[in-house]
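The two complexes that follow have chain A in common; it is paired with chain B in the first and with chain C in the second.
Moving on to the complex of A and B:
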């Protein structure tokens, strides 16, 4: 099968570029056969087997920065778009497939060195191919008292996940915020280090973020302005203990006081890990009677039923990390604050002291909130599907916003006939400070019609969210332009600024064209 | 010729099947003419064990999971696959297979057989990529 060429590139130029890539990295690390390049297909593509499915032309796998520099210079010469991946596990957001068909995947998985782990100052410096499993194994083998903060699942890249602004569960849950210092290869091939790394003999590159002058790290996240080849991360000192407490409130309208108190505790640092607010009446444990009551019953009926069952209408789990005495005091303080809500109940949950023994570890159903990477998320049962994607709007951390967003999005599903497989009403997460994110699950199936339908629903949700002032924090390549278009304040001023930066840093438009709606000048009119 | 993709993860000059004797325990499957390093079943589904016993024999050493392949990979397959491709087989959910497929891919292997058994279970084997160049 003839592989697609990069847009606007002749076969002759492409072949020459591949030859030059091979000279740079070794021919065994340039992949152009179907057998090899098909491995970069998005396993969760919402365009599976459709003409719109984005397919690479080839892939190249360097193992050091100097090779990355050579590759971008070659790509620039022939105007070949490069799509950078780290471990290629960005499932639900595009996986390892590019944004435009014909791109060459720049696979950084071979750049998998753990360059430094500093136990005293609690940081690590890694390359893009280092997964959470890799760093965890390194720390365990060295006996270091450090925690990482893995997402679900743990096979992804620390750098890849942080650059996509992913989140986890421990106090270091905002992965981009937890980074300190990066090294970037620009489209020109030049290498830049940010923060204190810009000092020639930097001694605090992974300790002080800002360096001197403009702080540019953010522009390399969720962007196509450069290729990150090293990144520092702050790690969490192994805590003495962990405790989880559950708060249950009985009434629908208790959500306001529940969230207000939660926000206070989170913003004051009393609760430091990720929490999730759950409407137990809508999304609790399987209960046929509850399922029957949900249809056509009043809120009061639901409240009565949940009270009879000893369950709250709303619940939130609070994770505490730190010295045992301190977290015991924090839980007592939290209970005191929530006790202003009539009928509130509390339940003590899991409690651990660290380090855990192997026997203790084997009994933990989900170790991820304890800084232990896992694939357990795949063991959770659910509707049969060949994958998923996420609709994930950010909403204010208020009870009003929880009620409104839930109502608005459920109405969209109802208006569209409650399509099979799409699940409204999921927990509301505090992965990031000061705001909630709702994460809606969309199944992907190897069924063209079902995928088309789900894409329509997704786009409708994006528009409805924007109409209400809610934007997504991250998305699949299939929807990047849709979501970028709703960030339209002042005639798309921010995206016009992105384009100005893009044109300055990448005039040939070779780095991930169109990623998150940022198109290079030569492709802008036809795509944006 | 060995596919270049087979050596991507570990930078080996070439990949080869480990001899059966290298495995502490290896179970042959006559229908596939290969010996498997692991035979994996999901104990949440009794039919998974029953079907495995029927296919591989009552005394075949089975590796039991409950959907989660983390320990199997992290403590075992990770090290074995670093030395070279080691075929495995199982009767599990498609989600478990997906995880193993993605991990095996980095070791130069692929799903070589897949058969849906029920809405929950799939019978499969993972081996060396057959479409090697």
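Moving on to the complex of A and C:
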């Protein structure tokens, strides 16, 4: 296909910009041939084989911050939109593809230096191209007693995932919250360091987050206000042990006491890792009798059937990390709290001591909750899956919300002609403190009509969620405007503030225009 | 609750750094270990291996490094065009030289 130009940029200016990019980074790191640029397309695009797919015009891959500064200055001169990626493995949320066709992808994968890992204060300082696999391997090679907290896709970037406010499973599971200090290249080309990094001779950049004066780190997450080129992360001291305990309750209405108790344990710090609430009947091997009951019978029939199987109606797995004796006491305390629910059952699950041997590791189906990066999650759509994307609303951590959200979202599917409803009873996750997130799986197929239909369902879910006071924490590039539009309190006051900041920091509107629904002035009228 | 392991396992594990979750591709070049083994190696939870097992139903090894029928063109196409859930890999991830190293390794048994 013909390569698109950046919007509003002439072929002559574009060619001149590419020449200048090449002078900055070396011509082998400027990609403009069809074959090379196609490598940046969204592998899981919901617009597969459709004209709406967002296609880059070129890509440029700097090796160090000075080159990033040069690139933004060149882009500013020619008003070329830059779509920045770290490792480009944000698959399911857009991958390495830009938000608007014609963008030049600023690929930071080559900036992959692990600048510091400190075992005594438990932190690391890395560049954007460092993946969870990279940092894990480095820690293992050095024999350090440190854990990272990977998200499900281990080839992701620590910086990219944290900036997208991703989550993991261990006590360091809120990845943005676990960061400490940033280095940012602004659209002007200036380099800024946040927190204690603003000191000329900083000694505590990765130990104290806030520095002095306004704390700005948050505005560089899920944003297009700057390009983060270094970031510090707090790491978890390798724990002595891990244990997973299972709690099962027999009745549908037990969800209220179950979630109330879970919230108490999470908020009190007794449980410090990611948990999930499961509708037990939705999981497990195929069971024709169960399938019949679920479609045609009452809730009490289902409760009876699950009880006959020795299972609960709802299941929660509680992960514990730390000293073995402390873990044992935490599990006993948790059981005591849940014991107020009549008929509750408890089961001991996996237990490990660290470090693990290679033989132990190979037997673990999914090592991610143990701080070990993996790609196991990509098996989620089955052996012949062609991709996926996610609908990820945040809901209150209450039993009422679990029941209501599940019912409301299933109804959307039914209304749009899917008689089986949404993937029923998906796990309700506690990736972040104080609230649940539901992660709905959307398959991507090489089938235009199926993708169109899924986009329709997705947009309806966004609208219905907003009508109920729920919003998504993150989304695929294709839906950023849809989701930004429902964060509309007081006539879009927050997004108007974002636009004010955007115009001040990036007057030429070159940094990822439209990311998360924040458009620069020059593109706002047509796209907002 | 069970939080004990044989002491011998614990002691041995303390002397062996844990890198990959797979020992089936021992001897593979580093670029293969880095980019291919996490999906195509042995052990639990490798999506590429799971897909191959479902696709070939035992007619071919599911672990990629054990295959003897892979071709240069097939490997390059998979890496640069993607296949099923496997995305394309950019040249900032797997350079052309890296790709050639992978090709040499995976076609060594032909």
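We adopt the following convention: the second predicted complex is superposed on the first by the 512 of 528 C-alpha atoms of A that agree within 3 Å, B and C clash if a C-alpha of one lies under 4 Å from a C-alpha of the other, contacts with A are read in each partner's own complex, and residues count from 1 in each chain.
Heads up, the rule we're going with is that contacts are C-beta pairs under 8 Å (C-beta built on N, C-alpha and C of every residue); 3 or more make two chains touch, one makes a residue touch a chain.
Computed from a predicted model, the values in this text were never measured in an experiment.
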Partners on chain A (chain B, chain C) - clash or fit: clash
Touching partner for A:357 - first (chain B), second (chain C), both, neither: second
Chain B versus chain C as contact partner of A:345, first or second or both or neither: neither
Touched partner set for A:241, first chain B, second chain C, both or neither: second
Partner contacting more residues of chain A (chain B vs chain C): C
Which of chain B and chain C A:331 touches, first, second, both or neither: second
First (chain B), second (chain C), both or neither touched by A:36: both
Chain B versus chain C as contact partner of A:374, first or second or both or neither: both
Contact residues of chain A, present in both the chain B and the chain C interface: 29, 31, 35-36, 39, 43, 61, 89, 107, 109-110, 133, 137, 154-155, 362, 373-376, 378-379, 381, 384
Chain C-facing residues of chain A, complex: 29, 31, 35-36, 38-41, 43-44, 59, 61, 87-89, 91, 95-96, 107, 109-110, 129, 133, 137, 140-141, 143, 154-155, 241, 243, 245, 324, 327-328, 331, 348, 351-353, 355-367, 372-376, 378-379, 381, 383-387
Footprint of chain B on chain A - complex, ascending: 27-29, 31, 33, 35-36, 39, 43, 61, 63, 89, 107, 109-110, 133, 137, 153-155, 362, 373-376, 378-381, 384
Interface residues, chain C side, partner chain A - complex: 1-5, 9-10, 12-14, 16-19, 21-23, 34, 38-39, 42-47, 50-51, 53-55, 80, 82, 84-85, 87-93
In the complex with chain A, residue positions of chain B that touch it: 3-5, 7-9, 11, 66-71, 73-74, 78, 93-96, 98-99, 102-103, 105-106, 119, 129, 131-133
